[in-house]
Amino acid sequence: MNMGIDFLILMKQEWAVIAILFILLFIKVGSKDRTNENILNLVNVLLLLNLIGGFFGYKDGMLFNEMFKTNHLIVMEKNILSLGTYIIALQSSSWLKNNKHVLEFYLLLLSTLLGMFFMISAGNLLMFFLGLELSSIPLAALSNFDLEKRKSSEAAFKFIISSAFSSGLLLLGISLIYGTTGSLNFSAISEHLHGGPLQIFAFILLISGFAFKISAVPFHLWTADVYEGSPVTVTSYFSVISKGSVLFVFLTVLYTVFKPYGVTWNNILFVLSVLTMIIGNLFAIRQNNLKRFLAFSSVAQIGFILIGITGATQAGSASVVYFVLIYSFSNLGAFGVISLVSALTGKENIEDYKAFYKTNPMLSWVLAVSLFSLAGIPPTAGFFGKFFLLMAGAGHGNYILVTIAALNMVVSLYYYLNIVKAIFMDSNENPIKKLMIPASPKLALIICSTGIVLTGVIGYVYDYIYSMSIGF
Amino acid sequence: MNASVIIFYILSAFILASALLAVVSGKIFRSAIFLLFTLIGTAALFFWMGVEFIAAVQIIIYVGGIVVLIIFSIFLTQKSGDEMPKPLRNRSLFSVLALIFGFTFTYRLIYEYGFVQTAHKSFNVKVSEIGAQMLSTKEHGFVLPFEVVSILLLASMIGCIVIAMKIKSPERTDIQ
Amino acid sequence: MNEISITQILFVSTALFFIGMYGLFTRRNMITMLMAIELILNSVNINFVAFNKYLYPDKLDGVFFAIFVITIAAAEAALAIAIIINLYRSHQSIDVEDANELKY
Amino acid sequence: MSHYSYIVFIPLFPLFSFLILGLFGRKYIKIYSGTIGVVSLLISALLSVYTAYQYFFIFGKANGVFQHIIAVKYVWLQFSPGVSIDMGILLDPISVMMIVIVSFISLMVHIFSLGYMRGEERFATYYAFLSLFTFSMLGLVLSSNIFQIYMFWELVGISSFLLIGYFFESPSAVAASKKAFIVTRFADLGFLIGILILAFYSRTLDFGSLIEKFTSVQSPEFIQITSATFLGVSMLTWGLVLVFIGGAGKSAMFPLHIWLPDAMEGPTPVSALIHAATMVVAGVFLVARLFPVFSIDLTALQIVAWVGSFSALFAAVIACTQTDIKRVLAFSTISQIGFMMFSLGVSKYGGENGLGFTGSMFHLFTHAFFKSLLFLGAGAVIHFAHSNEIKDLGGLRKLMPVTHICFLIACLAISGIPPFSGFFSKEDILLAAFHSNKLIYGIALLTSALTAFYMFRLYYSIFWNKKISIHETPHGEATVSMKLPLIILSACTVLAGFAPISSWVTSDGAPLKSHLDISFSALPVLMGATGIFLATYLYKTQNSRPQTIASVLGSLYRGTYKKFYIDEVYLFITKKIIFNGIGRPAAWIDKNIVDGFMNLLANTTAKISALIKGIQSGKVQNYTLYFFGGIVGLALLFIYVFK
Amino acid sequence: MNLSLLIIFPLVTGIAVLFCKGLKQVRTVSLTGATAQFILSLVLLVEYWKERSAGNRSQFLFDRNYTWFEPLHIHYHIGVDGISIAMILLTAFVVIAGVLVSWAQETLNKEFFFLLLFLGASAYGFFVSLDLFTLFFFLELAVIPKFLLIGIWGSGKKEYSAMKLALMLMAGSALVFVGLLGLYFNTNLNGAHSFDLVEISQMHIGTAAQNLFFPFAFVGFGIFAALFPFHTWVPDGHSSAPTAASMFLAGISMKLGGYGCLRVATYLMPDAAHHYSPVIILLSTVAIIYGAFATMMQKDLKYINAYSSISHCGFVLLGIGMLTQTSINGAVLQMVSHGLMTALFFAAIGMIYSRTHTRVTEQLGGLLKVLPFISTVFVIAGLCSLGLPGFSGFVAEVTVFMGSWQNPDRWYRLATILACASIVVTAVYILRATGKAIMGPITEKHFNNLTDATWNERTAAGVLIIGIVAIGVAPFWIYHLITPGTDYIIQHLGKPVTLK
């Protein structure tokens, strides 16, 4: 195996993140007189470079005896994650400006990003598991980052316990798969799948591990609590980057490794997606805290994404990746506004947003457009995303599922519109005052809004993603 | 029935019994001690299976690290003699039912699967080989996971420091 | 019978797994919950090693997996304890029933 | 476009007048609006007369038979190949006669209104509506297509509505206008369905080809429509009867007559024009227009005859007891239209047998004059005395000499006293009835006597009887513009009987000989004279005899006075059955059941949402339990159920 | 001509409005934009005539086809036939009238006009779409502006109504969505699938698939067109909406549904259309009769018009369900006619409401005396609604009746008769409302101080009345406009039912 230049190019994104990690580590260790402002700017620049770098030097290939593999789609997926991280970094500046642990925050954040990269590139269950753990254990620390808040520690505790439990079950599943197939390598596993009950059980355990991370019902229960308790930035990271990365892996694993189980996982996803949509929606209806609300809404979104996965075609995988991109823009748009408001006023409840439009029209529009995109309303990108997801599902003949999903979209519209109603229609004696938006969150919001408006309408984005998606 | 088999049964009984005691014992300190026993028992089981390295790692990390950590944290958060709060009855009931079911179900599947042993092949694990493979980039090399885990350890270290570091201001500014 | 079959070893590990799970489900003390998780991870390690030894002895996949699981367990435990201590500072309690501000 | 195309201007002038007055009248040209209306109508009337002259004397006849001439025809709305609504002008004896009547009476009314409506705030609107009505009515009579007639039919309905409701601030006028429109609309439903039936089988909407197809017994269309039956009755009968229902509604035949008496809430000249002379005879016109087809279908014709004769008698009886002069006239109108209707009903097609048809048309012609004269006279009286109740009137012959004479002439005409016009037309009708159906003839004779009685009752009550004190009105008896139409119409009433209608307007177009037969006419005249005598005895002077008779008749009198409670029956049906029985439940169901179901869906969702919130208990151990439960569930499902 | 202009014009104007300063500028820009699109639609009509009279027989004119999502064969394909042009004209009339009626909009005027124009753009987009994806895109595009218009500027229980409307319409489009997907995956274009309306119409979709997906598409679009029993958004939505939004809602939005039922459900799934025709007829007849009776009991003028819209839109679906060329012609005519008429009605009601601050018939009275112009407009709208000849309503309704009657089946006949009967009920409620509110004595003293319509209101009403009368007096032009379109539909439906 030629480990020379390939070694650098294939792992370019990982190298970039590691480099940033070390730069930050050196700063942490080395310099004393540093201001948060400078660090934040530096990080933003570094992340931007990381993002830009991701778009150069595409190459497919494998390293370390199939433990690390990469291709155009994976690079694209990593780029989406980098983009999301960059946006989150921009948004978090107003929250982190006065935080003592800025560097630690980014160290933790970027190590989870690195974990996700390895997870996405994993060609073997061990690497997958390690990537998953690397991407989740530091997240627990991150969700405890509002050190003075009780809710934050509670969230962190819930997350680490649930995640450890899920890791335990996942490990049981992996061990059984190892026991029944004799290998941890994806390519070898897929050759040894024979469909015995134990293997299916192991497979279900594995799926439950994924389902936990993407918070599919009934493995989602941690989601709302952790989202609510964590700092807004971390919540958005949870809901977009963490979920997105696991979805990418899930997609790859199902489409390539567990291809022989196509019928089984299709049915499993059917059940999960119906449950996820319905339960997610039912809970989202009655939320008052915006973060908690978005947690459930993101649960419901997962239900739709699962439908896209059931498509089991190139269009299916393309639609999922495409949707994650769109979902990143939309959710980060919403979180961007919420984190800004939360950082500046401490308000996080839907009621506080009544008559928000009167004082903050621009922010209101961004939030509204993001919500419309989440709800799948044209002309926002969310419409296209959902359309293609369900279209992929319908392509597989799952019309019942598609019908349920389509009707669930109506329910979901209800709660999104409820917020829009609060913003535009309700009156409020004590509205949120006019907010001055700092530059970097503003940039983030502009990126998100532009993404929401353009990603869908410009057909090229989808074509591009489709062209490198995996078939079935 | 040879000695090896007997040892296995004794070890199994020891592991399971101490594990059970660890999760039902009313006093937390005892729990911790039984956990220690379980971990040692598992280490012994690894010895029995001939993977000495794992056994050693088990002893060093679990017994020497995690259990000590746990005991320290018990000291930090609790008086040693305290009775722990009793489990909720409903939940215990459901848990027992679920777990008995889960266990029978899982074990039934395993049992029915009937793993075909290829035990006659030699299985010897030299520590040097493990070390070589751990740092090898070639076939059967585990350097990448090794590096990933090291980053994970670094990250969790940072996390621990940030979280557990003493907060200077005694006043908490909770919303609640 | 003269040999211990893998199924018997798996019996031990499975039992250990569910005992651990029982602890996780019922223990109200956060630290004991953590202990239960360690039991679970332990049982999985037994699985990996047993599979490796009895079924696929030509590669060391299972053994390595076990090593990494132990490492991760350590990292996880450390972080969990840090979080628990932090929680204890704010709640003055490590009863898991007290940590339920976030709900519904 | 043929050289008759100038005829389109006959209806178009009133239309222009309507548009101009409607768009600009209220603001800009209010004072000229009367003039504009009158002038446009004058042109129309002159054109009509010219057309009549041209038609009857120059080009109408071919081979001694008056032709149906399509003067103008445009496809207006195509339904399917061959089936279209055309805008056309059909000239035949009845339409030519009708345009003369309509434009002439309308002109009279326009002139009369100059005085009668002077000083009204919505003077221009009034003229606009009058013009609109005239346009629609002219369009109606000239229609060459059954759907065209339906359209104008609706338009005259709406102009009638607008004119009845002209005094929109009076609730009773509003109610009356609504009633008029809705009742006729209901009847039009029958008309519409009748059209649909006829059009379906004939594959045409054009009168000419429709009549041609349904009168030739061998035509496939005819065979089809007569062989298709519903409830044992042929579709032809259904179609014709439904069309007749439309006509009966407009012509206020029993039991659809209830709107007409109330319609008297409108300004009196309007009543003269619409509810006496023109619109109400549209039903008769419609049957006459389709008469060749009706004459094929005896069932339909019988229905026409019986409805007509019953209405004639029924209305005459009620008219004897009414105390509102306009209502008396309204019932008399119903009665007279009943005459025309049954006359058509007893007629046959062609030659001498078509006498009923001729008589009907003749009566339509004469009735237009004397009835509008009566109304305008009544209008003058009301204008003078500010009341239309008999009890407020009396002894006006000295104060209103011109009106008095004109009214008397009209009364004599309607009573069938020679040589006034009514005599001649009734003569034909009675003769036709006599030859066809003796019972109807009997009814007709009785009705004649009643007619004379109630007309003279009215006459005496207004002009003789008691003397009342009148507040001096500044304008005296009436303005010139009011008197002039009265005088012209009186002249017409006297002379109309001598018009050679029977040689012009016949069922098959071939002229008919005059039928004046002294021996036959003695009896009807006698009946009329009896009626007059009785009225003279009872009402010429103020006395208590009417009261006595009323109390002797008791409940019969009261019943008659209350118009046999038909209104109450309708009220019951509409209020109790339709509103409370259908409308209210429909609204209730919509609000509570259909909408309730939608709300229930929403509420149930919210309920379930609240119900399952316990899942999210905030306790991490429960979460892990659910987690495990999920795995077990999936495992069971996919290992044992869907293998 | 480039049909995209129809979408771009209002959109650009709408965005320009957002950058305006002050009500005056906002108005001027909006009116300019509305006029521009109005002129554009008239130009389109003229161009269409030119093309047709030059002998262009193709089904869709001015079509442009751009690839949008290559892998899924989704195109941005636009083109028009006579039916679409009729709908476009309707939209143009209503948009300009809506802008004029909202002249005095004070609060958040930029957003208001922006949303109005946006709604117009989406309606245009819907009507010119020849690709089902594009069509669906525009269909959903129109939902949220309605929600915002009602919720922000509405009256009464506006939030409830807005939410109900949005949810029900979304449910409709969800069903449409499933129907479209079903259609898509049952097409076969050299192994690929297609959303292209023209392409789908040229291939045969399996009957089983048609029967499965027709109800989705038809009911979905039907919800937009107030199909019984999914009409309940109509009364609340219309009555809570601000005037212009009511006009849009009833005038354009409900037509999206009717057009979709015709163009997508019926045209593309002809076998299923035949199969489900009795159900459609049953539901639409119920809607017609029941809507009419329910209207009779309403007290609020807007509710009256909203319920009557249910009844009137029943004619559209009835016409479609009868599947004869005449009835389909009638359905299209009814869409246009109802659009104009109901917009006029709402405009009149809005004018009354803005002056008297009540819409309850019992509290009104004698308005003809104090507000002659507005009252006349109201009466004209009412007369058009009750099908008076000379106004568009008559033309449309009789065409539907004639077409429906061509179906010789006894039950179809019964449905037709019941539908005919509704015109009597219509007369009852229209006249009751008119009698109460417009005629009769003045009920409140302060009514005497009311001022009649302003120039913008007059123009708005005038524009709509011109439309109504243009169809009512001379229906032949619109007949010639839409017939080539319905010819294709009938051809595709097979089994043409004409007079035997």
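Each chain carries a letter (A, B, C, D and E) given by its place in the written order, and its residues are counted from 1.
Keep in mind that, in the parts below, a contact is a pair of C-beta atoms (placed from the backbone, for glycine too) under 8 Å apart; a residue touches a chain by one contact, two chains touch by 3 or more.
Model, not experiment: these values are computed from the prediction.
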What's the fewest number of moves from chain B to chain D, given that each move must go to a chain touching the current one? 1
Note down the smallest number of touching-chain steps it takes to go from chain B to chain E. 2
Third chains touching both chain D and chain A: B, C, E
Compute per-chain Cα centres, compare each with the mean of all protein Cα atoms, and return the closest chain. E
Count the C-beta contact pairs for B-C and for A-E, then tell me which is higher. B-C
Chain centres computed over CA atoms; the one at greatest distance from chain D is chain B
Going by average Cα coordinates, which chain is farthest removed from chain E? B
Dist(centroid_CA(chain A), centroid_CA(chain B)) in Å evaluates to 30
Could you put a whole-Å number on the gap between the CA centroids of chain D and chain E? 36
Measure off the straight-line distance from the CA centroid of chain A to the CA centroid of chain C, and report it in whole Å. 27
Between the Cα centroids of chain C and chain D the separation in whole angstrom comes to 96
Residue ranges of chain E touching at least 2 other chains are 167
Pull out every residue in chain B that's touching 2 or more other chains. 91, 94-95, 98, 102, 106, 109-110, 115, 140, 142, 145, 149, 152, 156, 159-160, 163, 167, 172, 174, 176
By residue number and range, which residues of chain A touch two or more other chains? 126, 130, 133, 137, 140-141, 144, 147, 150-151, 156-158, 161, 165, 176, 179, 197, 201, 224-225, 286, 414
What chain-chain pairs meet the touch criterion? A-B, A-C, A-D, A-E, B-C, B-D, C-D, D-E
Residue ranges of chain A in contact with chain B within the complex: 1, 3, 18, 21, 63-65, 67-68, 101, 104, 107-108, 111-112, 114-115, 118, 126-127, 130-131, 133-134, 137-138, 140-142, 144-145, 147-151, 156, 176, 179-180, 196-198, 201, 346
For chain B, which residues are in contact with chain D within the complex? 91, 94-95, 98, 101-102, 105, 109
Provide the residue numbers of chain A that touch chain C in the complex, in ascending order. 126, 129-130, 133, 137, 140-141, 144, 147, 150-151, 153-158, 160-161, 164-165, 167-168, 171-172, 174-176, 178-179, 182-184, 224-226, 228-229, 286, 292
Considering the complex alone, what residue numbers of chain A touch chain E? 314-315, 318, 372, 377-379, 383, 387-388, 390-391, 394-395, 397, 399, 402-403, 406-407, 409-410, 413-414, 417-418, 420-421, 424-426, 459, 462-463, 466-467
Listed in rising order, chain D residues that touch chain A in their complex are 602, 605-606, 608-610, 612-613, 615-616, 618, 620, 622-624, 626-631, 633-635, 637-639, 642
